[in-house]
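Across the two complexes that follow, chain A remains constant while its partner is chain B and subsequently chain C.
Let's turn to the complex of A and B:
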């Protein structure tokens, strides 16, 4: 319904879905083109917005030996492209006890000894549709630099294409997920202001104020709402409100 | 493709007024916010307020309540299964708590139910994490900075955003649990963006009086989703995940309590009965119903299934007459149409600008006001910018952000969108984006209490599938919050419910038979089937040639 208009007007081009030729409007993404051809997705389609990693696609162009990659939901079709989706690729994931696990490179290595089978061929980085420096974050994990590995792997959407191409048979994206969690919960600076607020609420500091608000008529609430002081857009982090009401 | 010549010319006009608009912003001279009276006037241009788009329900617990036709069509529809043909004396799966839906709400619920001692089965439609949660970019609200903010202000903001129609008990729970949710997520390893001294970075969002939007670069939802999913996977001894297995009907038992669900394996097309002592419904929203033909930001599986299932079992719906249109969806590049441009762009200072290069609304109004203002600008006022595909939009002036916050800010703070547009040869740090409202969020849904309970014993609700927290309009950043707050609440409640040894009894689909009888008596809907499960994007000419295919609704 929502997709009809483009296909009525645009020029048709040939693409090869798993080797079979279809004519599709040239403006479509690979995902919409596959649907246009008559497929109904069960696998290979999730968010349709470039973030869930369901739709990893590899393709070749005529006369070009290279492998190209893209997310089907984000990549526009090209004439004569030969494509297939890789909606799933088996990869081992190690379970771990997050609460007790130590945030050091050696602990990651113990869970994933195959880390050291990386031969630095860079196939993972080349195949990543998100331009993540996969090989570099694996190298950072091996060095024990979890902060760097977390930073380098942050845009990973876990489509699994890296694991499908790896000579060392690593599950890179699972390793990266583990490392990001170790960093976020155990190595990133503490956030005392959050803990302080949690405690204040648990101690009932705001309860009376909230109870009052809950009982108020809409008109009373509207008055308070309209009069509430706004933190200006350009205010510094340590901005202080004029009124201490409700704080 | 880059902007065509006609649009480049129009961009010059935007550039012409930019320096002055930046100067005004720096001086704190903003376009004034609308008064509550003016808001009411403006909202008349919002699609929710146009009566022809909705109709009263003819059956069920909320009979007489008028909602969008697209939703009413599914509520007034028969089950995918014939209740008389199902052998209820045996079942394929058994668990303490069945969680339906593997998004943020469902995953939080699974974790908490497990922590309360329950064995959990999480059944989800696509892959675990293929969900609206994964797509959230902008952030998650919480009053964590006691020196300038508090649950009191958060409460006021939520109520004002929802036009004071929200359910107070739900709002209280939302704002008072919020800081603990941030603590919990961080403790599980979520990487929220931090400033030098370790404090979490926070921004404004539409309708916030204090900067309380926490974020993880511009993939906040993905960071939360993948962290929760990873933890669920760690607990596989107690939590089993079933993918590509949507629930298509609830099971009750002879005592009227919820007792599981019928699951449908999308790949083998087989049905399975799952018996459970408690069920948490967490199926998320319904953007893929394309209400009023609008584009949507939602994931492929957002077809409102949970509302259909719960309603058939007897749970009323509320606030379902309001639908949230996100003010800023991509209007040009056609292949990216409908994709969300996070509100954080406006929070960071980007103006909304019409074809004359003029700002026409403060960019920090609540979403429905922004959407109505854009629609008004493009329709009655005729100040919209024409797109090459014959639609209209307005400019979101992203280059202002670099001028306000320093060169490189757009690229650093919005890497996802920067890359997306770079693929089209557009640098959004230098050129504005063309946007139009897009279907985004289901404000209403199944009625539930602050404990996650519903009127059916053993049936709990969490996340976008529920209604009441946000009243008639949700503010940005309060949904990611809501799903974790109420996901945890529902999981804990379901876990405790199981411990209280609820009465076991014979499984029943009586409620479905009764619903069918009601439909027949009202003379509606027996020719339609629901839930939809997946939207229909197969072109009509293809379908015509599928000579031997049989469609049950949108599924073959």
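Let's turn to the complex of A and C:
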């Protein structure tokens, strides 16, 4: 059992990481609790901000048969919780030629024939830490409604927990990402400002900057990253960076 | 009150002509129809294995959606969806043990006891409108059009979900007569088109279709009417393959029953979705001068 430093005043509570009991400060997120217990993340922890989807946790509470889920970086520990990380799931991911691919349901179905193995058990929706209606977007893809599937899957952070629970072995999140790509590039109405920006980038707007970054050492890159201007917490809606540096 | 409507996946893609013509016709006949706000694939076939409950989740979940949306009745167009939903509904109504297991598994949904009534649109029209009123609503009678009503399997089998007596069905013929068409009797009206066997056993499937098409042609039908996208695929879309492999099969235009309804009600051509039919269907309608283009 790990020993909490004396300087910590938070109450210690027991949690079970992969079945082993640890006492951790009750104020910690699951991710920090795992680190507190002595584990080191070299993968399976990305942004620590609830966005990247790398730190999916599944856990149980005492006396409850249900599986609960959360992102380790966002979920605070509970006494007696039994947890494990599922940072990655070996879900099938199809290769495709985006340029020539038609944005229709049949094309998605051809790449992912397992789509039609869905039995509407709803395990995917129940396990989604982002409360995405996964089963419903899969239903929308099956009937070729890519716009609806895009809309329903928009909050997906690609954690893969849906796939981990699927009895039909569907890689829901990869299917949804493909659908959003098809929608964004081939179905969504074109807008002038996006077209202008794409042209600007294609014409080499960032090329010099990229070339400079490529030449930098790791230390220089770290320094640049740390010193970058960040959007403050609770920033007003119309917040703008002072310079275009780093944009 | 608006009537709940379950479309089914195929009606949103390859069988858009079935949905478009039906919704336009129902609206023209004064029925207010509302698509379920949430629905998933019905599963397409009703699982027959006694211990295979997992495949009942999909249709039952759709029935729960209908109930939650406040619908007492749910209408469907695709024969496969009708059959699957109607049978799942009976299971939830009468099999207490399975109902309990399914409701327990779907604990995130409302409990379901088979409260919603599942109706196929052909039966719905007979009950709610009746053939006399339909006849009165017809603006362009399909006079002289000889139509073979093709039921296929799933509107009449098994008996407990049959839209009418499977021994001597008359509903489809009565419907066509109300539209002013001449229904022709043919011995294969309730034969199976081979359904999904077209994927696993193509030659047997084409042979089954050939038998049906040959019988319809022999009864000198001008067209074949149906309500199932799988039948339409086998008998319509694959008709060229049937003809190339089997003798004595003439070219026979195919229609969904709702397309003939929309034509008879005088609805504009764009409600028919004819681009999803084979070319022969459009040619026949042109020959008979049945088409109207809205101004």
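Keep in mind that, in the parts below, the second predicted complex is superposed on the first by the 184 of 247 C-alpha atoms of A that agree within 3 Å, B and C clash if a C-alpha of one lies under 4 Å from a C-alpha of the other, contacts with A are read in each partner's own complex, and residues count from 1 in each chain.
The definition used in the following text is that a residue touches a chain if its C-beta (ideal position, glycine included) is under 8 Å from a C-beta of that chain, and two chains touch if they have at least 3 such contacts.
Since this is a predicted model, take the numbers as computed values, not measurements.
On the A-aligned overlay, A:142 touches which partner chain: chain B = first, chain C = second, or both, or neither?
After superposing on A, A:142 lies in contact with chain C but is clear of chain B.
Just checking: does A:121 make contact with chain B only, chain C only, both, or neither of them? Give me first, second, both or neither.
second
Per the contact definition in the header, classify A:20: touching chain B only (first), chain C only (second), both, or neither.
In the superposed model, A:20 contacts neither chain B nor chain C.
Of the two partners chain B and chain C, which one touches more residues belonging to chain A?
The partner making contact with more of chain A's residues is B.
Applying the document's definition of touch, where does A:241 land relative to chain B and chain C: first, second, both, or neither?
Once the two structures are laid over each other on A, A:241 reaches chain B alone.
Does the superposition put A:194 against chain B (first), chain C (second), both, or neither?
After superposing on A, A:194 lies in contact with chain B but is clear of chain C.
Which partner does A:97 contact after superposing on A: first (chain B), second (chain C), both, neither?
Once the two structures are laid over each other on A, A:97 reaches chain B alone.
Regarding the shared-chain residue A:11, is it in contact with chain B (first), chain C (second), both, or neither?
A:11 sits against neither chain B nor chain C.
Where on chain C is chain A touching in the complex?
7-10, 12-13, 38-41, 43, 54-55, 57-58, 61, 105-106, 108
Which residues of chain A touch chain C in their complex?
Per the touch definition, chain A meets chain C at residues 105-106, 118-122, 126, 135-136, 138-139, 142-145, 167.
In their complex, what parts of chain B are in touch with chain A?
25-26, 28, 30, 35-36, 126-127, 129-131, 134-135, 143-153, 155-157, 159-160, 164, 168-169, 172, 175-176, 179-180, 182-183, 186-192, 194-195, 197-200, 204, 209-211, 217, 219, 222, 226-227, 230-231, 233-234, 236, 244, 266-267, 290, 293-297, 299-301, 334-336, 338-340, 349, 364, 389, 404, 415-416, 419-420, 423, 534, 536-539, 542, 546, 556
Which residues of chain A touch chain B once you look at their complex with the stated criterion?
Touch residues, chain A against chain B: 1-7, 27-29, 32, 35-38, 40-43, 45-52, 54, 74, 76, 93, 95-98, 131, 150, 154-155, 157-158, 177-178, 180-186, 188-198, 200-201, 206, 209-210, 213-214, 218, 221-222, 224-226, 228-235, 237-241, 245-247.
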